[in-house]
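By letter and in written order, the chains are A, B, C and D; residue numbering begins at 1 in each of them.
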Amino acid sequence: MSTLLKVVDLKKYFPVRGGMFHRVVAHVKAVDGVSFELEKGRTLGLVGESGCGKSTLGRAVLRLHEPTSGQIILNGDDLMKLDREALTAHRRQMQIIFQDPYASLSPRRTIAQTIQEPLDVHKIGTPREREKKVEELLDVVGLRKQVLSRYPHEFSGGQRQRIGIARSLALNPNFIVADEPVSALDVSVQSQVLNLIARLQREHGISFLFISHDLAVIQHVSDDVGVMYLGRLVELASAEDLYREPRHPYTKALMSAIPVPDPKKKSKRIILGGDVPSPMDPPPGCPFHTRCPDAMPHCKKAVPPRVNVGTEDRPHFVDCHLFTEEAAT
Amino acid sequence: MEVLQYAIRKLIGGIPLVLGVTFISFLLMVYFGPDKTYELLGKNPTQEQIDEIRHELGYDKPFMVRYGEYLKEMATLDFGASDSTGEPVSKVLARTVPISLALITPGFILGNLLGILLALIAAYHRSGPIDKYIMGFSVVGMSISFLIVVIAFQIIFSSSYGLNAFPVRGWNVHSFSDYLRYITVPTLATVFVALGYNTRFYRAVLVEEMTRDHVRTAKAFGTRPGKLLYKNILKNSMIPIITRIMFSIPLVVVSGSLIIESYFGIPGIGKVTYDAITTGDQPILKAVVGLTAVLFVITLLITDILYRVVDPRVSLK
Amino acid sequence: MSSVAPEQVADQAVVDDGAAHRESIWAKAVYKLRRDRLGMIGLGVVLLYFVVAIGVWLGIWATEWGDVEGPKWAPMSAEYWFGTNIIGQDIFARAIYSTKTAFEVGLVVAVLSTIIGALLGALAGFFSGTWIDEIILWLKGVLDSIPFYLFVAAVAFALTGNPYAMHIAMVSTFWTTTGRLVRGEVIKLKNFEFVEAARAIGVPQVVIIFRHILPNTFHILLVQATIVFVAAIKSEVILSFLGLGVQDGVSWGLMIAESTQEVLAGFFNNFVWASVFLFGLVMAFNMFSDALQDALDPRKVASE
Amino acid sequence: MSSEHTAPLLSVRNLVVEFSTRYGPVRAVDDISFDVYPNETVGIVGESGCGKTVTGLTLLQLIPMPPGRIVQGSIKFDGRDLTKLSEKEMQEMRGSDISMIFQEPMTALNPVFSVGNQMIDVLRRHKNLTRRQARELAINMLDTVGIPAPRKRIDEYPHQMSGGMRQRVMIAMALSCGPKLLIADEPTTALDVTTQAQVMEQIVKLQDEFHMSMILVTHDLGVVAESCDRAIVMYCGNIIETAAIDDLFHKPQHPYTRGLLDSIPRIREERVAELPIIRGIVPDLLHLPDGCRFADRCPRATDECRKDKPVVNIDPVTGNGVACYHPMG
């Protein structure tokens, strides 16, 4: 397998302005040094609670939010080095699917206009060919041709999400960021859309960065899973390993917190104390130490390095002092 | 201390605004304004005479120098003397501003208080007949021109065609009862016109607040309707209410008094401004425009501090 | 649709063909508007005035508005329906002719302020937090803090003799409210995911503003235009009274200004008829504007 | 568990709630009946628009009227029919005998008053207390719901607290007058998974301590499985199934319940290629089919289902019931 996307030490700080003349007085460290790789045709699930920076990360990777620093290498090109024009050209290979099916479609434009817009912008094919492509796309996402002249408000949430997916497929991208694509949908519709995404991945070999707060959804679609906490990736492993044996105390707590729809399996729950600290003023050392049931004195001092607790060909990365040598001694 | 720091910051922040206002008024009223040269000269002046007068008036100086002088006048509050009467501008202001305030304040306060009261009543009976009557009255009030109200009220209250109970025009105030007699008709006119707009605005604000989740919460805990209205709804609506009241101050003081005073012949700042407009009395106009801009900046400042008082979420930092 | 994979068939079955019963904001607005009795009466009256104005404009009626026809201060009669003024001009003809003046002022000012407000508001909103926004906000602040009548006076001075001084002054100050509302809406809209989607596709910024954002502020612009229209007509009256208004022709404002001397002498025709005409149009427009606002209010629409 | 020996605390019979819209009246709640026994937790579950929230709000008559209207039915609470009470009597009831907590703790509290101020208001509304006494009681309540340093935090404003904290304040407020019934409308939906676990645990613990009954309105079957004794499943304004919690999750009778349970993404041992789905979408409340409202999406539907609407038949022994002609075995 070959690497499609490589992200190295990506940071996205949002300035907080205040005082006289709107000076920058602080930064919200939404994404604070994240690195990962995504292989062709695979899906990396990114899970974490609200405010952990997962959505910002997804947008920063596409340079929809301009990253503060770091490298984003997609198909060998460093996106951070591209100027506006070159970036626009590169947008053909990377797309995004959004969370809110009501906010993600322009309300005053027909479905045809919406799905065809990417083709128009990148001047792909003749008008005739574009129309044909739009029809094909509708077919792929399971909508009928009759919907073309209608407006978004005429559709239900699940249908709108399909329209959004059709739009992001228009340019035949090889990389898609899916930002909570099902969390605004009802359970029964969620599975429909999840199945669609899984099928697209199988049939079109698209790589996904799939962002969700729902561990169960992530498991269904992901090959690899990264867990984020306060702007950092604290655990990164294959889905199989991560769900079988989570290693980071945060991942463990997160897993145990999910209510299981089975009254007989009342899980033993790790209840975390307190709240997530503000990303404007993250704690020193390990960002999780303020709530960690296994915190050691050392955790307050040093940021834990990334440790591979798996094997060479089956890595399982954890950023935690429980697995480092200096802390153990 | 926090407030003082904030005030200083805010006043410094207001400088660009004052500069902008003075610049525009300078450009319009002084630079492109009427040329006094020929008014001051006799018939068939010679070129030398023209040049001399122009030099005296400062017309031959470069643009920026003239603007600088204007700013200096602003900063030192020294606007010179009125072109038409020769009275120093500062004296004119000292004489007329108090009259205008005395004239305008009662109507302004009443207009807002009654507006809030009617709005509360309308909002409480939302969609009911009382609401519809109040809102109907409000639209009618909004549709009548201020000028028509002033003239009509004058006919009704002050002329021999009506009650003939109040002075038609002028300002001959020596006692409190004189004062009441002279302000009654202008105040009634102001309140009548302001009420339409105010009631409508405040009702919209209150009704908007009524639909908020926390109002439902308060209801879910058994809060009585009266308390709901004044504690949950009125207090939470204070920001738009304060904004409206504060921002209408500069407008009412100058524009409102302008019409009232010029029509009723009351020697306040509005009348002086009106006369200055019609005669092209630049020193007066410059002073009024400049001071209104400063008043506006101060209003902005006080408004922000009031926000802090009514809403704990607002930070002055 | 030839090649449909088996899973797709299963998938397709989940999508119903019938449109969900949601309508666009406009369809709802038209429906609500048509049921709003007062609003429709208002619209009807406005249209009636408009026809009158068109007639004047085409020279069909009220052509004799400037002629001195009769004795001064003639009472209402079959010949002079509303009587005559101080120099014997027919008040009815003048009131009718003034309808055209009102529409001219109202339309010119409403259209121009709305366009300027929309453009500057959209720019400020889209580039909020940058120097573009700062400059537009500053300009708005400056214009808002100059007393309106003074500003008009100043413009009248600077453009001495220009018949459009009043219009220019009104447009310069009336766009600010529209601008503020549009700016707020654009700031809201630009964070909507459909704008991000457009950026993700690579749509240029200008196209995003004009194709994706501005069309979604039309409901604000429409309501705002009606409000500015009314404000312009009402301001014209006061400006004419102050001697800063309409320069040629006649307007209700000029008629009322004329009448201030007459009423003290007991001649009310000029005042009353100008007031009635003015009130009728403004009231009707306000009623229509109210209904429009109700109909287009997205929250009210959403609640049903 | 429902018991035939004790009388129900709350007994809803044939309740119909209608909203007038411009297309005609919509029955958000259509002829529902259920009981809540003392100390029992009943979950009301269903997808968005099924009428569960309206049911919760109607019990306290908090739906906006108009456009809402209780068309028929009775709500017997503690021997009194709430639908027959005057608005004044209803006000006495709200917050003292029956309390309610809401989904969005950010907007549900008044932003311009301190939490203490709001709690004291509630206490003094229903109990004859001085300000000082009420304040002490409020501090106690905050302590009870697990807010650290309550003496300090009582003077804070809602915006100074985290989401979890605010929801605890809501709970403290709701319990402060010792209600017999707590209606919790999606109390944890707006919270993160880990906070959700904290808050849910707190609610269940307090329910026990305060000897309350609880109605838990939620879309999350996991939450229902973990904290309810019995559940009611709603679909399109109807109750389609009600059962003890173990029965509902292990032997669901209604095909919709079954479909819903199947389609929830859950953490599984093995990743599956396709998630089970419920076909189709929820019908529009304005254009409901004559027969069973689920018939169009139901794999077991027959002509009978499309002709007449099935009603819930309660089994006198188990208290379970299902509205289906072809229940699952």
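The criterion applied here is as follows: contacts are C-beta pairs under 8 Å (C-beta built on N, C-alpha and C of every residue); 3 or more make two chains touch, one makes a residue touch a chain.
Predicted model, so just to flag it, every value in this text is computed and none were measured.
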Which of B-D and B-C has more C-beta contact pairs: B-C
Chain occupying the most central position, where position means C-alpha average: C
Computed distance of Cα centres, chain D from chain C, in Å: 48
CA centroid of chain B to CA centroid of chain C, Å: 24
Inter-chain centre distance, chain B versus chain D - centres from mean C-alpha coordinates, in Å: 53
Intercentroid distance (Cα basis), chain D paired with chain A, Å: 32
Chain C residues counted as touching two or more neighbouring chains: 7, 14-16, 20
Multi-partner residues of chain B (at least 2 other chains): none
Shared-contact residues (touching 2 or more other chains) in chain D: 274, 277, 281
Complex contact set, residues of chain A against chain C: 59, 62, 64, 87-89, 91-92, 94-96, 98-100, 103-109, 117-118, 121-122, 135, 139-140, 142-146, 150-151, 153-156, 158-159, 162, 164, 167-168, 171, 192, 195-196, 199, 203
Residues of chain D touching chain A in the complex: 47-48, 162, 164-165, 192-198, 200-201, 219-226, 245-246, 249-250, 259-261, 263-268, 271-278, 281-282
List of chain C residues in touch with chain B within their complex: 138-139, 141-151, 153-155, 157-160, 234, 237-238, 241-244, 253, 256, 259-260, 263-264, 266, 268, 271, 275, 278-279, 282-283, 286-287, 290, 299
Complex contact set, residues of chain A against chain D: 49-50, 156, 158-159, 186-192, 194-195, 198, 213-217, 219-220, 239-240, 243, 253-264, 266, 269, 271-272, 275-276
Residue numbers on chain C that touch chain A, as the complex places them: 1, 4-5, 7-8, 11-12, 14-17, 19-20, 22-25, 192-194, 196-203, 211-212, 215-216
